[in-house]
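Lettered A, B and C in written order, each chain numbered from 1.
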Amino acid sequence: MGSKYPRSVRGCLPLWTLMLEAVFILIFFFFTNYDSSSQKIMGTHQAVFRDVTIMAALGLGFLNSSLWRYGWSSVAFNLFMLALGVQWAVLLDGWLDQLSFGKVVIELSSIQQATMSAMSVLISAGAVMGKTNLVQMVLMVLMEVTAFGTLRMINKQYLNEDDHESMMQIHVFAAYFGLAASWCLSRPLPKGVKKKEKRTTIPSLFAMLGTLFLWIFWPSFNSALLDIPYQKKNAVCNTYYALAASTVTAISASALAHPQGKINMTHIHNAVLAGGVAVGASCHLISSLWIAMVLGLVAGLISIGGAKCLPVCFNRVLGIHDTCGVHYTFGLPGLLGGITYLAIFFAAWSKNAMLGFLVLIGTGTVTLSVAMGLVSGLLTGLLLNLKIWRAPHVAKYFDDQAFWEFPHLAVGF
Amino acid sequence: MGSKYPRSVRGCLPLWTLMLEAVFILIFFFFTNYDSSSQKIMGTHQAVFRDVTIMAALGLGFLNSSLWRYGWSSVAFNLFMLALGVQWAVLLDGWLDQLSFGKVVIELSSIQQATMSAMSVLISAGAVMGKTNLVQMVLMVLMEVTAFGTLRMINKQYLNEDDHESMMQIHVFAAYFGLAASWCLSRPLPKGVKKKEKRTTIPSLFAMLGTLFLWIFWPSFNSALLDIPYQKKNAVCNTYYALAASTVTAISASALAHPQGKINMTHIHNAVLAGGVAVGASCHLISSLWIAMVLGLVAGLISIGGAKCLPVCFNRVLGIHDTCGVHYTFGLPGLLGGITYLAIFFAAWSKNAMLGFLVLIGTGTVTLSVAMGLVSGLLTGLLLNLKIWRAPHVAKYFDDQAFWEFPHLAVGF
Amino acid sequence: MGSKYPRSVRGCLPLWTLMLEAVFILIFFFFTNYDSSSQKIMGTHQAVFRDVTIMAALGLGFLNSSLWRYGWSSVAFNLFMLALGVQWAVLLDGWLDQLSFGKVVIELSSIQQATMSAMSVLISAGAVMGKTNLVQMVLMVLMEVTAFGTLRMINKQYLNEDDHESMMQIHVFAAYFGLAASWCLSRPLPKGVKKKEKRTTIPSLFAMLGTLFLWIFWPSFNSALLDIPYQKKNAVCNTYYALAASTVTAISASALAHPQGKINMTHIHNAVLAGGVAVGASCHLISSLWIAMVLGLVAGLISIGGAKCLPVCFNRVLGIHDTCGVHYTFGLPGLLGGITYLAIFFAAWSKNAMLGFLVLIGTGTVTLSVAMGLVSGLLTGLLLNLKIWRAPHVAKYFDDQAFWEFPHLAVGF
């Protein structure tokens, strides 16, 4: 306890974040405006905004809370990153939309999109969780929101995608960003630290709570940026059935993958959501429920397969440590979603002369997301490795006591 | 540990469920359609759908999670059954609606009704919880959704009930289905197993979370299938006040029933909801708040009374083991609701010449629900008793370790 | 265990509450009416109502659940008080609105306002939590709902405030009511009891869950009683950004305030909400996001400052015991909100001849809320001190076992 770590946070964190908050306030003072002429009644809009906030604060907050001694940090740091990310994203999105540093008009819809953009950080955080301090998190928020905003801007400006399609790159982008950042931060874990990665009963129930929130509100997330009524309806129905199929598949496949037929709770937390990720990009275009269900089934299998194989093959070989499995939760199903999107495009436009061009663009989008995620993640990871942030010592990984004042020093609960 | 049980699940479960999932996909491929001409804006509709899903996945999932060592299973299996039930119910409802095996047109409203139908399984599961494996659960989902769909069809086709009224039979039907199935599965519990039925502090808080979700969203559930604005409003207000009255009553009556005036948490989990169940069938017809409050008061008393007496008198005599008390949570208040519905009918139509006929129909509805629940529950229970499902050995009842891979074998938390 | 306390509750509680419930039903029978002519479609309205109920039952219920051995009571008693308060508030509000004991017409909107009024009790309860029994809670509900209803009536009738503005006095009123009541009930705590005030990991996660629910739905709360679309939009956006700013500030300031830079979880539970409280009264009038963010920043600092200083300076000197810190959660940020409201008024009307008069009224509103809270709180506290309620003995403070039947007498979890 004590050691030299805690003092460093005290020296760094409040200084940095309060300054940053002051800078934000100044920028908002000079560069933002309300549009007070709008008389739109906003019942539905507010509901969608609320749903997205629930997913970000409750869903992603608790999803990663299953580590034995890292529950407080995962939930509270998640809220901290969300609060910071939303402030930065709304500015950045405004500037990138108009491609200049002019006044940004704040609408409820822009705050909603900012919340969704900030979710990219919350997803990536699952890969580096427990290995960084709050100052590093602040830096990661700024870097990732900027990178994701740029990716969305490129998609919209140069690849002619709409808000929905460019947002749905979030899973792939965030997963590979997190993996790349985690690769830079990975160190061999001492034995005592490995023990802290264990999951136990009650924290797993909290994680299940997060999973359920995500599961329930995923249809809202996938349909949040769609405007045409029947597309919105299709998005909701397809997402729901894809989730249902991936839930059934994930639980069965998890039992199949264990030599004694036992289900792995950590896999379930993540794999039941695979259907929602996979169906994301194309949920409004899929014209039959069975396609969504096939996608959900395949996504569930891939996710469980990834959960079994990736830690052994991929992570160990490359030396990546992916704390909460974002690779198989968001990365692989997201890639599947990208391929599906391409296939649907292919089927729908197969009579089109410009097909080659369109497929090229489609492939480009997915590749771009992965590449952008990897490059910006690497860059961020290298920055986070600098000594000035005073990262927690590896012996203090996955431990709430490095950050939190405990009323007593009892172990765990 | 180990023994011969786990292997059986591995052999059975993935095979069965993945095959079933494939069959579902095939049926959806051949028999379903989207109606893509609809241009309805669906803000409110989506909100109601979301509320119902929250009740099913979060509310009923956590309601039964208070068993000391069965928290993981109760929450995860609940989601599994919901995901499976929704897929089957939407097909079945479509076919039963048109009384033929034609194409089913999928709407958001049909998925919402399917979710509500699938909730019948989640309610019944409370009675057999901890005594079945997942394969048996799959069978129960298929059987119960079919039985409940048939009951609703009979009510609508032959007894002239609307969607709302036929859906509100869910509580009575599901409770007696669960009890009948549980009767077939009941075996004398060894002493070590009885210990596992204990409730402890933290799991009880999770169960309270489930209760609160149900409490909050019950007005949405009761008004979900009503279309006329003032009926919808009355349904919401009546349900809310019935719940409020039953909450006050349940906590007081629980203190009254204990010799030292102590409140029983397990009773509270269930009895505060009794008002919502009792007011279900007639919530749109009740024209004064005080009637709803009287109903809530009586339902709370009956529920606490049932919780104290049923385990001693009824269950022990008949040899039924009702793990989570569905009889006094849903069964008895549901019967009270049926009687109230009849009484309101009686009062409103007392000048009507056809009164006798109408009361006959009303009585028939309730009786039919109970009878259908008992018969189909018995049938399902007998099926579940077959050796081929390799039910868990009685020594493994109420134990997560029979199904889940634990990171370590520490007891409990 | 045993002692003379438990019997007293059994003698008192059921008698009182069931009688009270019967009286309520009688009053509703004679004095309320539905307006069944209304044909308003109520999608949005129902959503707002639901959000407010979530805040009351889930948010405030779990917010105070972090005490080591008082989790059951805090959640269940919260629901009990809500259920009771809503029944009384809807009547009282109706009578005070028409200033006579005539028939009250029940609308969904009146039930929603009743829920919000009842939240005043749930806020105050944080200060006396663990030191009262349920009978005392019943009395407190009746007293506080009456006092708050009167305050709102005065504000509306004599100070020309609208529903929103008079409701936003809730934080200041409830905080000082709770403090005054707690002052009357405060006794020196024996050492064994102090230990029970500790917070531990898992209960703190439940409290975090409550905090998150409040955080997410606070924009709904602040905009619930606003009708003009652009005001509603401004209220939602301002509240969200004030919360974001106070979250960032609170976490940083908590680290700054600890000598080793460690964050205090109990402070976080409360301080991240300070922004929402502070922005309450003026959220619809603030015309730029940066003002809301400044408010959030200042509120976060004040709240953390209060959390550090108040227990040492204020509470110890005055002998107040504020179990869950309502003073720095709701009281101080609420005062800041009152001052802000005044300042905005001042800025907007600075050319107005009647300025002096308006500022006088504004100051009067805040002073009135504090004074009314203190006086009615004192009165209630004195009443609660009477022997006839058989308050729990100080050795049984903060202990679930005084009220709940435990399946076993194991310590804690």
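We adopt the following convention: a contact is a pair of C-beta atoms (placed from the backbone, for glycine too) under 8 Å apart; a residue touches a chain by one contact, two chains touch by 3 or more.
Chain-to-protein mapping (UniProt): A, B, C = Ammonium transporter AmtB-like domain-containing protein.
Please read these numbers as outputs of a predicted model, since none were measured by experiment.
Novice: Working from the CA atoms, figure out how many degrees chain B turns to land on chain C, in steps of 5.
Specialist: Answer in degrees: 120, to the nearest 5.
Novice: Counting shared numbers against all numbers at the contact of chain A and chain B, is it over half, same, or under half, different?
Specialist: Since fewer than half of the residue numbers are used by both chains, the interface counts as different.
Novice: Could you tell me the distance, in whole angstrom, between the mean C-alpha positions of chain A and chain B?
Specialist: Chain centroid spacing, chain A to chain B, equals 34 Å.
Novice: Using the touch rule from the top of the page, what residues of chain B touch 2 or more other chains?
Specialist: 43-44, 47, 202, 209, 412-413
Novice: Would you mind writing out the residues of chain C in touch with chain B in their complex?
Specialist: Going through chain C, the ones touching chain B are 2, 6-11, 13-14, 17-18, 20-22, 24-26, 28-29, 32-34, 36-44, 46-47, 49-50, 53-54, 57-58, 61-62, 65, 71-72, 75-76, 79-80, 82-84, 86-87, 106-108, 111, 134, 202, 206, 209, 400, 403-405, 407-408, 410, 412-413.
Novice: Contact residues on chain A for chain B in the complex?
Specialist: 43-44, 47, 51, 198-202, 204-205, 208-209, 212-213, 215-217, 219-220, 223, 229-230, 232-234, 236-237, 240-241, 243-245, 247-249, 251-253, 255-256, 258-265, 268, 272, 287-290, 293-294, 297, 413
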